[in-house]
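These are the structures, in structure tokens.
The same subunit A turns up in both complexes below, where it pairs with subunit B and then with subunit C.
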Partner chain A sequence: MIKIDEKLIKHLEALAALELTPQQRKSIEKDMQEILGYMELLNEVNVDSIDPMYTPIENSVDLREDLVRESECVDLIRSNFPKERSGHIVVPGIHA
Partner chain B sequence: MSYRTVIGLEIHVQLMTKTKAFCPCRADVFELPANTAVCPVCTGQPGALPVVNSSMVEYAAKIALALNCNVHEYSRFDRKNYFYPDLPKGYQITQYFYPIATSGYMDIDVDEQVKRIRIRKLHIEEDAGKLIHEGDSITQAHYSLVDMNRCGVPLVEIVTEPDLSSPKEARLFVEKLRTILRYLQVSTGDMEKGALRCDANISVVDEINNIQSNRVEVKNMNSFRFIEKALEYEEQRIIDALKNGQNVEKETRGWDLSNRITISMRGKEEESDYRYFPEPDIPPVILSEEKLDQIKSTLVELPDQKVERFVELYKIPRYDATVLAMDKEIADFYEACVKKIGKPKEVSNLIMTEMLREMKQLETEQIKITPEHIYELFSLMDKGEISIKMAKDIFPQIFRTGKMPSQVLEEKGIRQISDEKLIEEIVRKAMIQNPKAVEQYRSGKTNIIGYFVGQVMKETKGSANPQLVNDVVKRLLEGSS
Partner chain C sequence: MFEKMTIEDCLNYNREELITQSYERIRSIDPVIKGFITVVEKPQINDGPYRGIPIAIKDNIATKGIKTTCASKILENYVPPYDATCVKRLKDYGFVILGKTNMDEFAMGSSTERSAFFATRNPWDTDCVPGGSSGGSAAVVASGQVVAALGSDTGGSVRQPASFCGVVGFKPTYGLVSRYGLIAFASSLDQVGPITKSVRDAALMMEIIAGKDPFDSTTVSRKIDFLSQIEEDIHGMKFAVPKEVYEYEQLDGEVAERFEEVIRTAQKLGAMVERVKIPSMKYAVATYYVIAPAEASSNLARYDGVKYGLRIEETGLRDMYMKTRNAGFGEEVRRRIVLGTFTLSAAYYEAYFNKALKVRKIIANDINQVLDKFDAILTPTSPIPAFKVGSISDPLTYYLMDIFTVPANLVGIPAISIPFGFVRNKPIGLQIMGKRFDDGKVLRIARNFEKTSPYNDNGRIRLPVVRI
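Now for the complex of A and B:
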């Protein structure tokens, strides 16, 4: 099983763009250990001769015809912008 | 010291489908007001389901075929996960595990030699939104503005093998690629508008000491000229480091247009971890052999094939054929002219020198004139009414105004005078006014003939047929009236 430690939690924290307190890290470390430990059960199944299934849809599916249809939700989507200026969403600056 | 440059390209091509990759929003969003071509799918609303655009798959297959790729019957989509404000879903839909096409090639002409550049893979993905940073630079911006119109616009990414060995080859490759895209009518290929974006990986090998530099990724090269300039700069920067026994950082650098240098784009270069996994909402794309054959049958004649045909059919030099075939519209124009006029080499000369120069000067890709204009120009030359020099002189005006050559000549009053009677009249007048010069000629100073020719040219504002003037002057001076 993959090693769950503070370093990994911090890495996941960065990838998820979250900021956790030290207590939260501790508790997530414990949760993850339990969840992944449970998932270890799956390793008991022998799948050597089985291809992984990516989708239950086996036949080819019709693709969408290339015709423009304007969404009816444009205004609704825009009304959900937390902060807006001249039609743009305003977001915090990206600091490298 | 001997250095070998190694360059590989990653090129993003915006497809000119009517709709976006996975939703029916408009894909042609360049000039739209911000956040107007959006829907639940492309803004990543929970529960929205993407559906694959058929034209997108077709266009990608066309490009892949034109680049001699192996087009796969089975391809599928994956999620590339990362957080950035221009990506509302938190992931980009791309093809990571099973791309639509692999292992192709494109030939480029480098100094009259053909060089084959291998294509590693070609896959479909969606574009991200557009960010406007308020402030002097990204890092200093207090906030940024997001426009999601471009979210979900279909892209094809083309990854080459590191087969390019100079900045010039890199430019030639992208130029030729754009030509092919335009032939196929699958993308505008407009670099300034971001429809064609090129990133490069460059490293240099010191062949004597057998040392390879780190690889540097160069971005932001948004014109053909900048691709060459930025890579030349980077190539030199790496060579300088190697010469000093040093290496360059393995990093991403951007072309800084105002200072004409590349600058590091990184603060902290954390190892990227995109956690790719199969997109569960999109079934695999199956491109049957039948469908692929049908797409193949719609492929137009491609630049390389056109060059071969022009050389074969019109017996023009390969160089000419290559220049003409660079732009399909020009190639078609050339052919239409030759069909009317004949004279394939003469027509190609006129188009390659006069017309392409005008187009370059006017920074236009539009041809406002028709083969009819060229036909008339050649007829006027054939009839001796204008010289080739005059044809070249008036060409810019014809091209810029779209007026017929005869009309331009008339307006400028510069028809070549081949009217023998009229020329005789002018010569006679000059002889009467200058009996001395006539005397001189008749007493053996025959080079005075130039004086009379000059008089006629002055009188006719240089538009008299020079050969005819010479003949007439000689005949009259020799007294055979």
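Now for the complex of A and C:
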């Protein structure tokens, strides 16, 4: 059974862009160990020659035509921007 | 009395008064129940056959111009620029949205205690939880603040709170109701469903919200008849009861007794009940808790503080992401993001995520085979009745309670919870699962139980007297 440690959690934090406090990290480490322990149950199941099931939809789906259309709600979208300058979203520098 | 009225009752009532009465009820009861995150002050009233009938919408379903928070700090001030398709359809028929209901943050939970804002109370016993994650919707319907509500069901989040609050909760076949505007949790499992005071009301809402939507490619164009055969009997039908129900250690003894009464009622209605083995059912919870957090970790990557929602200002972009996400997500959401990131990570994808998808296929095969021979599968909705607020803290204990509800989401089949009796003065639910697209049949079976249940009054479910 896999051992969950601080190093692994920190790696997952980096992948998920989620910074935990040391206390949160400790608590998730413990919970993950317990939850993954329970998931060992799945090792009992023989899945040879079984295809993975991604969705209950069996047939291929219809996509709508890729057409440009006018959005009616530009102002409402803009009003949700956390920081705005003349209609553009402002974000901190990537290399800062 | 407004608080006991169904949608059908409202049709023969002065519509102008309904909204006023709903507001009065909200003002007097909701300070105790705490079902609403937002109460709409000036509701939009459209013409239509259901004009003026007040309903509530779970706060993870987008409502144009009305705050939609997902009970999360990360979306605390988010105002959607559009209506979810299901919301738009209800409004087009005249339904009036009076408020947005509390839930477990991002629908991750079974008690509504995991809302970032406050816990909702069960109208039958205000020391207890209403269930979850659509606990606010179930509580405001049961306590008669609105006539009906929408919830969302990823692993039981419509059915389990309906069971805890003694109302009807229906999860449709995956693909019948558009998910456009439903804030995504686990896209292959999520489905919007009605919470109502009668089975007929659930069918009636389905008639409106189901249907092909160009904005959700997983919706199907198949026409389903939810209502026209609902009053027909179920004489000669065959029901399966999984033996695994009785093998489940945490099954409450009195819940098991009520369930025996369900079986006797089915026989009285002329149906045949047989116990069957569905061995893969015992893997459903483990499978679900690999797949749902994996899909969630991917879906929740969009909350980065850039375009909408909370932002914690930092000097660098990456620092802003990290700080924003930690401040914005609550404990359970963080836990599931980390868990899902783990099962999807390159080193563990095969052993966990892909394995779970294969077990999902086995569960689907087993359940579909049973449903080829039987008209429906019956189980209790939840192994236990509503529990006290704050009494369960261990995440795994929470997850295991979903044992009877997660299979329907994994397989994509319709499932309903209807009230059937009480355990220690709290309502419990009967779950009926049917074949994919047999939604009409599931509702018809439910209606037969509703008409015959010894716990109902002339076929009407009992509603709580809320003590203020």
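FYI, the second predicted complex is superposed on the first by the 92 of 96 C-alpha atoms of A that agree within 3 Å, B and C clash if a C-alpha of one lies under 4 Å from a C-alpha of the other, contacts with A are read in each partner's own complex, and residues count from 1 in each chain.
In this section, contacts are C-beta pairs under 8 Å (C-beta built on N, C-alpha and C of every residue); 3 or more make two chains touch, one makes a residue touch a chain.
None of these values were measured; they are calculated from a predicted model.
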item: Which of subunit B and subunit C A:M39 touches, first, second, both or neither; value: second
item: Partner chain(s) touched by A:D66 [first = subunit B, second = subunit C, both, neither]; value: first
item: Partner, of subunit C and subunit B, that touches more residues belonging to subunit A; value: C
item: Which superposed partner A:M53 touches (first subunit B, second subunit C, both, neither); value: second
item: Which of subunit B and subunit C A:L20 touches, first, second, both or neither; value: second
item: Subunit B versus subunit C as contact partner of A:H88, first or second or both or neither; value: first
item: Intersection of the subunit A residues that touch subunit B with those that touch subunit C; value: 15-17, 54-55, 57, 61, 63-64, 73, 77, 81, 89, 91-96
item: Footprint of subunit C on subunit A - complex, ascending; value: 2, 8-9, 12-13, 15-21, 24, 27-28, 31-32, 34-36, 38-39, 41-42, 44-45, 47, 50-57, 61-64, 73, 76-77, 79-83, 89, 91-96
item: Parts of subunit C lying in touch with subunit A, wherever the complex brings them together; value: 64-65, 78-82, 174-175, 188, 214-215, 217-218, 220-221, 280, 282-283, 285-287, 289-290, 297, 301, 304-311, 313-323, 325-326, 329, 331, 334-335, 337-339, 341-342, 345, 348, 352, 354-362, 364, 394-396, 399, 411-413, 436
item: Subunit A residues within the subunit B interface of the complex; value: 11, 14-17, 54-55, 57, 59-61, 63-71, 73-74, 77-78, 81, 85-96
item: Subunit B - residues contacting subunit A, complex; value: 17-19, 23-26, 33-40, 43, 45, 51-57, 76, 81-85, 131-135, 138-148, 266-268, 270, 273, 275, 278, 280, 283-286, 288
